[in-house]
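Below is one structure, written out as structure tokens, with a few remarks after it.
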Amino acid sequence: QDYTPDPNAKAGGTITVTYKDDVATLDPAIGYDWQNWSMIKSLFDGLMDYVPGTTELRPGLAESYEVSEDGTVFTFKLREGVKFHNGREMTAEDVKYSLDRVTNPETLSPGAGFFASIAGFDEISSGAADTLSGVEVVDPLTVKITLSRPDATFLHVMALNFASVVPKEAVDEYGTDFGKHPVGTGAFSLGEWTIGQRLVFEKNADYWRDGVPYLDGVTFEVGQEPIVALLRLQQGEVDVPGDGIPPAKFQEVMADPAQAARVVEGGQLHTGYITLNVGMEPLDKLEVREAINMAINKERITQIINGRAVPATQPLPPSMPGYTEGYEGYAFDVEGAKAKLAEAGLEGGFSTELYVMNTDPNPRIAQAIQQDLKAIGVEVDIRSLAQANVIEAGGAGAAPMIWSGGMAWIADFPDPSNFYGPILGCAGAGEGGWNWSKFCDESIDAMATEADSFTDPSAPERMNMWSDVYMKVMEAAPWVPVFNEQRYTMKSERMGGDDALYVDPVSIPVNYDYVYMTE
Amino acid sequence: MTLAAQTMAAPVQGAAATPLLSVRDLTVSVRDRGVLRPLVEGLSFDLAAGETLAIAGESGSGKSITSLALMGLLPNNVAVTAGQALLDGTDLPRLPEAEMRGLRGAKVAMIFQEPMTSLNPVHRIGTQLIEAIRAHEPVPQRAARAAAIEALRRVRISEPERRMGQYPHELSGGMRQRVMIAMALAMRPALLIADEPTTALDVTVQREVLELLRDLQAETGTAIILITHDMGVVAETADRVVVMKAGQVVESGPVAQIFDAPAQPYTRDLLAAVPRLGAGAERGALLPPEAPVPVARLIDAQVRFDIGANFFGRPTHRVHAVEGVSFDIRPGETFGLVGESGCGKSTIAKALAGLVPHRGLIEVAGKKLSELTAQGRKEICRDVQMVFQDPMAALDPRMTVGEAVAEPLLIHGVGNAEERRDRAADLFQRVGLTPEQMTRYPHEFSGGQRQRICVARALALKPKLIICDESVSALDVSVQARVLALLEELQQEMGVSYLFISHDMAVVENVVDRLAVMYLGQIVEMGTRDQVFGDPRHPYTQRLLDAVPIPDPARRGRAHVRPAGEMPSPIRALGDAPARLALRDVGGGHLVAAAA
Amino acid sequence: MADTAASLPPTAPASALRRLLRRKLALFGLAIIVLVVGGAVCAPWIAPFAPDEQLFDGLTLFGEPLPPGGQFLMGTDLLGRDLFTRMLYGARTSLIIGVAANGVALVIGTLVGVLAGFRRGWLGALLMRFTDLMMAFPALLLAICLAAIFQPSLWIVAMVIALVNWVQTARVVYTETTSLAEREFVAAEKTLGASQARILFRHILPHLVPTLIVWGTLGISVTVLLEATLSFLGVGVQPPTPSWGNIIFENQTYFQAAPWLVFIPGAAILLLALAFNLVGDALRDVLDPTQRGND
Amino acid sequence: MLGYLTRRLIQSALILLGVSFITFLLLYVLPADPVRQIAGRSATAQTVENIRHQLGLDQPLMVQYWRYLTGLVQGDMGRSYLQKTEVSTLIAARLPASLLLMAGGIACELLIGLTLGIVAAVFRGRPLDQGLMVTSFVAVSAPQFVVGLLLLYVFAVQLGWFPIGGYGTFAHLVLPAVTLGIMGSGWYSRMMRSSMVEVLRQDYIRTARAKGLTRGRVLLRHALPNAILPIIAMIGIDIGIFMGGIVVVESVFGWPGIGQLAWQAIQRVDIPIIMGVTMVSATAIVLGNLLADLITPFIDPRIKLR
């Protein structure tokens, strides 16, 4: 089930990767950004991992694992001889410590909620306990985790950065600054960090996976405007532009065969959607929501972003298991949409607001949406705001419609459930939740819970069930799924390795552990 | 007369030799909307080494333009269009800028009218002097410094070494002008052009500067072109005179000839207008009687300004600008206030006009200024009006003069717009202007006309007292004479009183009934005009009178009392009030302070 | 002298206008302003398209905007809208920002500066300390917060810009007023019994005109660009309302791929500011009686 | 002098206090909840409440402000919500770069602005003058982002004279500083021109020329120091304007200054960082003004600090 490394891979060399935004933290319990996600992946390991370039689970620090019949007890057998960057050997205690830490409210981890299925989570998060009762150290190389309910996604959760194993002594030493002095078991260790300028990762010679990483190091330069990063790439100063090819340069790059050859395209576990607030007039009417779904010209919107996406029909992206093949979704049909509006008694249309995050291309997409809705008589006022304000409005249920772009759902882990709970389920529909449609259907929720209670996450019945869940969601039309973004990235001439590594669905933008340099 | 003949002897010899500077048919024109308009036309004169030539004439007659043409410093739009000016055979106007620069300061130097603004405020005296020297001679810094100190010593500045490190604003006007002279003479130029070098100075200082120039000339043999409108200065210093009017030479000749036998009527008018000490005798009889209610009364008035700030922001020093001054002004009289710059004359005027807070008692028309309400303060303006020294500065340049004259009426709500306009027109006629001129702006008038406008404005409210603070000092003699005549005429007609402030003793003598002489914020002598001018008792009064230049070349060369340095400063530490001078009556109300 | 005086036109403003019209540069500036204002007002009639109409043929198949020429006079933008149309409608926004917001800022700045400079008591001290405070306050942050707190609309944005931009004007005017207050004609006015208000409005304000013209015209581009920055931050005028500034900011990364999207509105802002400056300069000279006869 | 300084410092402290309060208040009423940002999208209501309590954001405004203020006085600017790092550490790491850039920007705008202003004043009324004044308008109206990219493209990519972004050497500084300075240079050239025109009219300039000094010397030694006086006060004001420009310029050139930090913080309502950057920049502005006031007496001996 494991990965066969590239036979041509050569060891050595240091690559340069750029990012526009600074890296906030490398603490795996806290980091939840576009840039630090893949960095943390290379610095730390969790019990579970993915096969490079795919969404397939494989054991990480766990050598093997067993799941009880009812799917509530997971017993992980750890690898022997895995060392932290500080030289100490990793043990089961560290696993327990790490899970306790990430769920402890004082850590302020944004990922704590992922571990809600572990027994004792409620106690620790309310402060009643300071360790997870469900995590037991059986022996130095065995950890037993008991869940309070079956959770099919649990193995994915254990592959999340938040589940990374950290050494207690290092956390104690640096306290809250651990994020600036990360110590893990990963393929790379942090060499130098000049705040606001660069981070240098050094190869972990002692890495427990043999043969990797190939690179001697990775230099991340932060604070680089994407356009400038691309210029530097063209000059050979940069190997991978972390933020991808900027829209403004896309055509230029694609028009030049030499550059186009170095562009890598891949799918991404992403869906861009419009939320329709079911709690607000007149969006509370199904016909209206359907009408809006039918009114959006997704092809045109895709064109606006230079075709770097495929029109979406449903919440799940095509590469996600559980995706319903053959489902057409709501077809673009202006007349049909008008008819639906008429059905709802709104022949004359109505006016509403569309919230959108204010970075390109989102306002442009919002304007395209606005124009589409105008065609069926719906007047839309665009509220283009900073991310935080949009999230606030969405959480408070104050926004009739929100275009998700920029804050959109990129899956935390490749499982269909990840697209449901917080953004479509009742759990997220409360005040402040991320379910901005405030859509809450108990019966669908029940189905979702059932699907998640499977022991085998990839059981076909489970996938069918999820497919049904999303089909039901589409019937209620709380969203307009607009497109699934394609990842387009670029690499320098000297970069080698499978293209899949450059569009790795979980390690964005590059799987640093497996790429190599050709010269 | 014999004396005059002697002084004339030298220039005649000088002129016979080859002249140092020979100006022939010099025409300077301004390019105005593409048309050349001459500012100076056909000017010719010769100047020998060691000789002093005075260029006299009313304001705007082209005196400064001539000197700037000789220096090659004409404004961009002005140029020499004909004629030549040969300095030792070099034609100055045709010299390329680079060569001209070499001459400037080295062979031809110039002193300007305004000592206050002619030195760069941000550089030390020493720096500016050394720079002047090193601009022409590549001497080392040290040698230049020595030369600069020597130059300062030559102009008799006290403590020259210390002055080198001082900034212009730390020196008095007279000292600054001496620095300018030192700078101009540092390279021992063959020709020195002095454009109104003493106009901005006190009489006492003026005397010193003029004497200094004369001494230095005797020492270095520099030829001097002295530009002035003060005929007294001309008479006392020049060998020969060129009288200009509207860019043209009216008359030229040796000084005695011009003064004794002016050929042209313009020259005669000019001379006639010059106020002379002792010429105002006929006024004495008109002395108004002491009235029960004076127009203004000051008893022990004091004005102090706090300056400096210590740690807590409290003042550390105090300017005792006016220190216990008492006098009163009777209805219909002209009361004079004289004294050197900074002695507190203007401050008294301002206190009377309510512009600065005072202590002691100041009464106007029987009302105590310090007890007035805001309304009362406004009312009092109807009784006291002021005419400032610089009419251009005192008029809002963005307001037509008609509006300016009608403004006090508007402020005090007199009449409607129509009536106010009529009244303003009336006032215009009163001061000798035409009502048609009311729609014009101040800059469109000559200095004398502007001052008339100010007078008209002051008259608008029919005040009882008009304060004239140096109101005629900035005017040409002929214009000055006309404004003075106007003031006197108005007084007879309307019975208004004047507080006449001036440093020009000759003018004061001609117009006042009574006067007070101020020194360092206090009155040192007070009495009727005859008492003070006829029998000056206080040494300071005597010195002031002595310093006045006499427009009569025959009387030049008389011995002068050399003044004893600068006037002390009125700035004193807090709590260190100056000693009060006690005034003693020496008879007939003639008060004199005991000599300090 | 008297005869020329009689021939002078009786009313100053009329003659000022006439003299203004005599200046070629001012005329040029005035023409541009008239053109822009006219374009803004008549946009619905002139514009070939609706301002937010995303034309199907306005984009290439790859979603690229079209360069100027042909059907689209100034090309199209990234959404396939006609840039010329958007420039016309954008002129409305930009005029409001550049003229109204900037004008209000100028007025506030002038009032504060003049009051502080003229009334040197506690009021002046208070105003100046407040100005110092505002100066120390990062303007952009203030704008962002204000605009986020109030829902951004054109007029809110205009007010925010005005509230942020008056500070420099206040400082400069303050300095100038203090020196004006020392001028002798002000003392002369006091001796005439003129009220503070009269001195302030009749005698001090007119002298500030040249300064205000300089700051006012420079302020046009500054405020127009500030509005754009705010749009960029999501707190400006909301899309799809065009403004010259936000057209630039929307497209600035495309300045190589689609230069017209940046340079056309850029040139428009420049031209507008320049036009106001030309007129302002001329107006200053014309209003300044000492310049009379020099034109 | 000492008294003056003390008074000014107290005044500055009061101004900073005012700035801190207004900023705090504005951020408090801002319709965006920092806790949501921290908690992330998968957080439960419990987690959100925990975080809110943990950060003391459930306290009343004045209590929060007081806590911030007492911390600030002790040099504690709090911890970033999202980076979980001391704000002081973050700012300290980035401030030198920003100060350097700012200094470079000021130097640039003065160099360009003053030179153009002087040249325009000398050639006043001529075509060169008019050309320069139009140029100054272009400079003021040019969006910095575009200017930055343009300069980068021409001088770094095409000509290769300077590195493409980055930080470290003088060569790195040139383009960002020029970009930052260009806008200001437009202002300065206009101000310098009018100031210079005024000074060139002064008597002492005539005196200097009458001494036979060269044109250059008259301009630089005599006119410049006087003309620059009103401009010095402007530099203080400028720092405030720069804070806006710095965000753009830093991001174009990958300059590791506080502008980028502030930008990210504003986007994500990281209040401690916003407060910190605001306080630091306000301090810079206040000190800049103070410095400008302290410098003037050295250039103009007539001015006495009181």
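Per-chain numbering from 1; labels A, B, C and D assigned in written order.
Quick note on the criterion: contacts are C-beta pairs under 8 Å (C-beta built on N, C-alpha and C of every residue); 3 or more make two chains touch, one makes a residue touch a chain.
For reference, the UniProt names are B = ABC transporter ATP-binding protein; C, D = ABC transporter permease.
These figures come from a predicted structure and were not determined experimentally.
K.L.:
Of all the chains, which has the CA centre nearest the overall CA centre?
P.N.:
D
K.L.:
Taking each chain's centre as the mean position of its Cα atoms, how many Å separate subunit B from subunit C (ABC transporter permease)?
P.N.:
Centres of subunit B and subunit C (ABC transporter permease) (C-alpha means) sit 47 Å apart.
K.L.:
Where the centres are mean C-alpha positions, what is the separation of subunit A from subunit B, in Å?
P.N.:
86
K.L.:
Provide the C-alpha centroid distance between subunit A and subunit D (ABC transporter permease), rounded to the nearest whole angstrom.
P.N.:
Averaging C-alpha atoms per chain gives centres 38 Å apart.
K.L.:
Give the residues of subunit B touching no fewer than two other chains, as numbers and ranges.
P.N.:
none
K.L.:
Which subunit D (ABC transporter permease) residues touch at least two other chains?
P.N.:
31-32, 149, 153, 266, in rising order.
K.L.:
Multi-chain contacts in subunit A: which residues touch at least two other chains?
P.N.:
Within subunit A, the residues that touch at least two other chains are 227, 386, 389.
K.L.:
Determine which chains touch and list them pairwise.
P.N.:
The list of touching pairs comes to A-C, A-D, B-C, B-D, C-D.
K.L.:
Under the touch definition given earlier, write down the residues of subunit D (ABC transporter permease) that touch subunit A in their complex.
P.N.:
Those in contact with subunit A are residues 31-34, 36-48, 50-51, 54-55, 79-80, 82-86, 89-90, 93-94, 97, 149, 152-153, 156-157, 164-167, 250-257, 260-261, 264, 266-269.
K.L.:
Using the touch rule from the top, collect the residues of subunit C (ABC transporter permease) that touch subunit D (ABC transporter permease) in their complex.
P.N.:
129, 132-133, 135-142, 144-146, 148-149, 167-168, 171, 175, 214, 218, 221-222, 224-225, 228-229, 233, 248-249, 252-253, 255-256, 262, 266, 269-270, 273-274, 277
K.L.:
Please output the residues of subunit D (ABC transporter permease) touching subunit B within their complex, sorted ascending.
P.N.:
Residue positions touching the partner: 2-4, 6-7, 202-204, 206-214, 217, 221-222, 225-226, 299-302, 306.
K.L.:
For the complex, which residues does subunit B have touching subunit C (ABC transporter permease)?
P.N.:
Those residues of subunit B that touch subunit C (ABC transporter permease) are 350, 353-355, 377-382, 384-386, 388, 390, 393-400, 407-408, 411-412, 434, 436-437, 439-441, 443-444, 454, 457, 461.
K.L.:
List the residues on subunit A that touch subunit C (ABC transporter permease) in their complex, please.
P.N.:
227, 246-249, 251-252, 254, 300, 303-307, 357-358, 360-361, 363-364, 366-368, 370-371, 381-386, 389
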